[in-house]
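Two complexes are shown next, each including subunit A; its partner changes from subunit B in the first to subunit C in the second.
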Partner chain A sequence: MTGQTQDLLHQALLYGKDEEYLATAVPYLREGLAADAMIIAAIPNRCYTAVRDVMGDVMDMYAPAEDFYRHPVRTIAQYLDIVRGAQAEGRPVRALAEVQWGGASWQTREWGRYESLVNTVFENRGVSVICSYDRRVVGDEVVDHARRTHPELLEGGMFPAYNNAFEHTELYNARCDKTPLPPVPAEAVRMSVGSLDLAGLRAFVKDHATRRGMSAAVIARFVTAVNEVATNAVRHGTPPVEVALWAGADDVLCEVADIGLWHPDELAGYLPPENANSPSFGLWSARMLVDLIEIRAGYHGTRVRLLARKED
Partner chain B sequence: MQVCRPVRDLLPGDHAWFPFASEEEQGHVIGPWIEHGLEIRDKVIYITDAEPWELPGLYGRDLGFAVRQGLLSLIPLGEACLTQGMFDPQKYLATLNDEIAKAQEQEFRGIRLTAENSWIFDQPFGDSRVDFCEQRLDAAVAPSVSVTAICQTDVRRCGGGRFSLLDSHHEVRVLPNPDFDDPQLTITRTYQPLGLHLRGEIDVTRRLRFAEALGSLPPTTETVCLDLAEVTFVSLDAFGVITDFTRKRGPRCRVLLRHVDPAVRSIIDVVGLHRLPGIELGDG
Partner chain C sequence: MDATEHGTIGEFGAHGWSTVRPVGELRPGDHAWLASHHPEEKERVVGDFVFDGLNTAQRVVCLTDVEPHRLPGMYARHHIDVRPFTEADHLRVIPWRLACGRQGRADPEQLGRTLERELDRAFSERFRAARILADMTWAADVPGGVEFMLACDGAMERLIGPSTRAIALCQVDLRAVRSADALNALRNHHEVLVEVNPEYDDGVLRMTRTYAPHGLRLEGEIDGARHPVLTDALTTVSRPRAEVHLELGNLKFIDLGALKMLGAHAMELTRGNGLVLDNPTPDLEGVIRMVGFHLFPGITRGEGWRSM
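Right, the complex of A and B next:
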């Protein structure tokens, strides 16, 4: 990529008609082709078909959005692997993306966090990405997240609009982590952890997750993630360390709490580590293994809550 | 079906087989077995031309006291089983029976019997003579409440159907003693292939033991096999121990994970094998 800018271009395209989408996407991809960029897309099939009808099969890689956007931390890792591959070939990356935001409030929050993390993870890697938001599908809350997470907005004009709602990743992330967690329900089962010997805890989690209908394939990952979080709590937290486990209709939740005040790097555990010896490998892997990990640290201690769907 | 048992767990009546592929492996099993036998004042009978200070795993150790006290009998091959330079099965069995009878008269609580048999295959009719001896030895040892026997075979000299012939004559196959053993994790060195057999759960509390066991493998080893067939949990931290090991050993070192439990495999799939440099999966 000698001579080409490595700066990240991260724009949100708010569109209401397919013509508006194409009016931005087509010239954007043409520029990319001219620069020998790796063209990738993770967009709904409708958008992909529309682009292909105009430009032909120009994509180096296409993944249907509903498959690609299932788990924010895994999606970032997947994206980063693709970008590293392109960097190894000396090519810039030009991407079209349309996140599938999901229905639950935590899903909206985590996909917003994902959009914000893009600004940090892909900085100086020769990446351009346009994230499209179909106004016919997404509501105002999602559009608000889009404004806060993209440095530039495309709203039908020829040029990106000035976006004064944009927040840097650290700020956005900190705001996400201020959302209060619902209290642990009274029916939760509890266990105290006093040492790093966590065999008993693993048996406890496995047993209760099984009773609450979690499938065997998910349990292995859930137990590994809880073990990692509990290990951190015993090693770095302040006793007593308490574990609570309960279930919702479709998921199982586990909270590991201690009375210490953990100040994690805001981005710890989101950015894919180089390898298993990187300091953040444990927390990042734990985030990969379950659907959600939320950390709340404050005057009353640190709580780390893990959520995993019962079925894959 | 053959039972695999660490050498420390052999019991009277066991007619066990120990196939080995290196002197180091031989010493790792036979040395502790002899040593422990002498410690608890069992009679140890070894058919060998070796001197007391040349025994496998005990090289340089002064076992003269054990010979003088009658605890250790080293019987040279010529005296024990050769007739005109050829292996003589009748003589071999007679020698063993005599030695066992003498030890029983001396009221030893336990009698440990061992010999290395692979050289016999190089002789005419070696296969059938070994077959003959093993059948009769099994008949003598199996009902005994005091005799334990280990037949040692250097597998480098034992090709073709000989391996299965010997295998069929022994109900117990001997393994080295574990390097580490507690209710949660057992770590045992393996030699074919070179590596470790693990059983149980590898977590942060066993990290040091696991790292030590890896570190004790010969520094020139390029491929280390970890048999995880009996491992039900591997902490994320343990993967770091393995990648740290491969990093320190250099770019040619790789760790092959064999017989990985599906639960453990699903963890590797999610974090990505490419984030575990030096680790490969394979049962071959």
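Right, the complex of A and C next:
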């Protein structure tokens, strides 16, 4: 490293006009260039063009935001790969980011969780990132997430404003996991599982997911993830283990419930493991394979709910 | 495995489709072929073939020039001293010279007559069935040997093909064979290609040793209930400084736990080139790609990968 601090700088920029965006982004990137940082951006094309018009082609890497922000767990893994590459070259990373906040409420929640996880994943890796929030696009709920997930807030002006709403990742994450899940609908199909021999469960999931319109490529990943969660429930949970499956308009959901109380290391399942031998490999991989896994553990039992879009 | 999967369709030879069958699943009328890549493969197939015969009151006739007590796999694999069986004529070991020599010349028709006589004798002595083992390795290396063996094979086929009580196994050591054409000609004479019995088969998962390349063929599904047997099988095939290939073409499902075990196992094989995965299904490849191949250091992508 060239002597800079390795601390993570994670700032939120709330802007309402492109000029405000540039007023922060341009000096920020110039500083990075001066420090020979790897400059990366995952921002909307509009912002990218604006920056390029002012500074020229200064970026080492650019991904259009709508491609980069499709799946929070996969995005973190991708980001970490990039950062590891920069670390291998001994360069700090300077990033511009603008998450595409999805429409469904769970998507907003998971992108909020993602922003919070950034604080943990990129700690001490020489990373500096400004996450921009276009006030013309995002609502108050998203801004509220931004305040809770960024230690520093840029809201006009040169210097970050004091942000007393910031929450540490563990706390934020635990709050995300307190949101009640909607009840399993009455039309869900159900099956109970008693042993690690899950051939029957796989056939059940495959059959019902196919009939509910899930495409073959997605099913293979969905079945693998459900199998993993059910294996955990049988191994570590308390029987009976019950599986329910149902579908929404665009997605298929599966819930694995047992009556035990599971205390997973909540963050572990979101952080990319070092290799397949890491203890969190199973849960993390399952999260990579489907669009969403939510865990609710309490004295009433443990429920793990998986959601996958029918089409890729 | 369900019944339809017992014979997997093998290669298309000059004489039509051939079927691959484990030695334990050979049926009367089968005239089977083994070109063994490794002494252990020969021990397993030949040893099991002869042992199964002795164990189920079948007459076993071996056409081979080795001494009875050196029959492959009998002592090493089944811990059997064959002497009592030869003394009781349960096992008959006939040198080629006696089986097909006529007036000082080797005559394939003579072999046919010898075998016909042996079978008649076996059935008249109340054996329920008979098996014939023909070790053809010597012929592979002799000028004109392959032509001679082809003729012998014809005589055997006429005898065994229609039989409801006899099985024949023809075998060569691949390492002794110099000409691939000769080998193909011999192999194409056989509709059944024989392989070792599976290491494990519970109807959901089947694991079979492979010798070219060295490794295991996994078929069916692997989940948490089958992790212990997978570990055992992996441990059995692993040896220092040798690649282990896993043939995955018929593996329909593998859970994340087993993938993790493969990763751990690959890391342990540090002195070799590790673990090579061949022919994953599109589904499996999709899962591994999504999780990230870099999480499995030590695992190598072998044949049949589509992308990445």
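Operating definition for what follows: the second predicted complex is superposed on the first by the 311 of 312 C-alpha atoms of A that agree within 3 Å, B and C clash if a C-alpha of one lies under 4 Å from a C-alpha of the other, contacts with A are read in each partner's own complex, and residues count from 1 in each chain.
Quick note on the criterion: contacts are C-beta pairs under 8 Å (C-beta built on N, C-alpha and C of every residue); 3 or more make two chains touch, one makes a residue touch a chain.
As the structure is a computational prediction, the values presented were derived from the model and not from experiment.
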*Following the overlay on subunit A, give me a clash-or-fit verdict for subunit B and subunit C.*
clash
*Of the two partner chains, subunit B (first) and subunit C (second), which one does A:A88 touch, if any: first, second, both, or neither?*
neither
*Mind working out whether A:A186 is in touch with subunit B, subunit C, both or neither, as first, second, both or neither?*
neither
_Output check: A:A249 vs subunit B and subunit C. Expected answer is one of first, second, both, neither. What do you get?_
neither
*Would you sort A:A34 into first (subunit B), second (subunit C), both or neither based on which partner it touches?*
neither
*asked:* Output the subunit A positions appearing in both contact lists, the one against subunit B and the one against subunit C.
replied: 74, 77, 196-199, 202, 217, 220-221, 223-224, 227-228, 231, 272-273, 275-277, 281-282, 285-286, 288-289
*asked:* If we count contacts the way the header does, which residues on subunit A are in touch with subunit C in the complex?
replied: 74, 77, 195-199, 202, 217, 220-221, 223-224, 227-228, 231, 234-235, 272-273, 275-277, 281-282, 285-286, 288-289
*Once bound in the complex, which stretches of subunit A touch subunit B?*
74, 77, 81, 196-199, 202, 216-217, 219-221, 223-224, 227-228, 231, 272-277, 281-282, 285-286, 288-289
*asked:* Looking at the complex, which residues from subunit B come into contact with subunit A?
replied: 184, 201, 203-205, 233-237, 239-240, 242-244, 247, 262-264, 266-267, 270-272, 274-277
*For the complex, which residues does subunit C have touching subunit A?*
204, 221, 223-225, 253, 255-257, 259-260, 262-264, 267, 282-284, 286-287, 290-292, 295-297
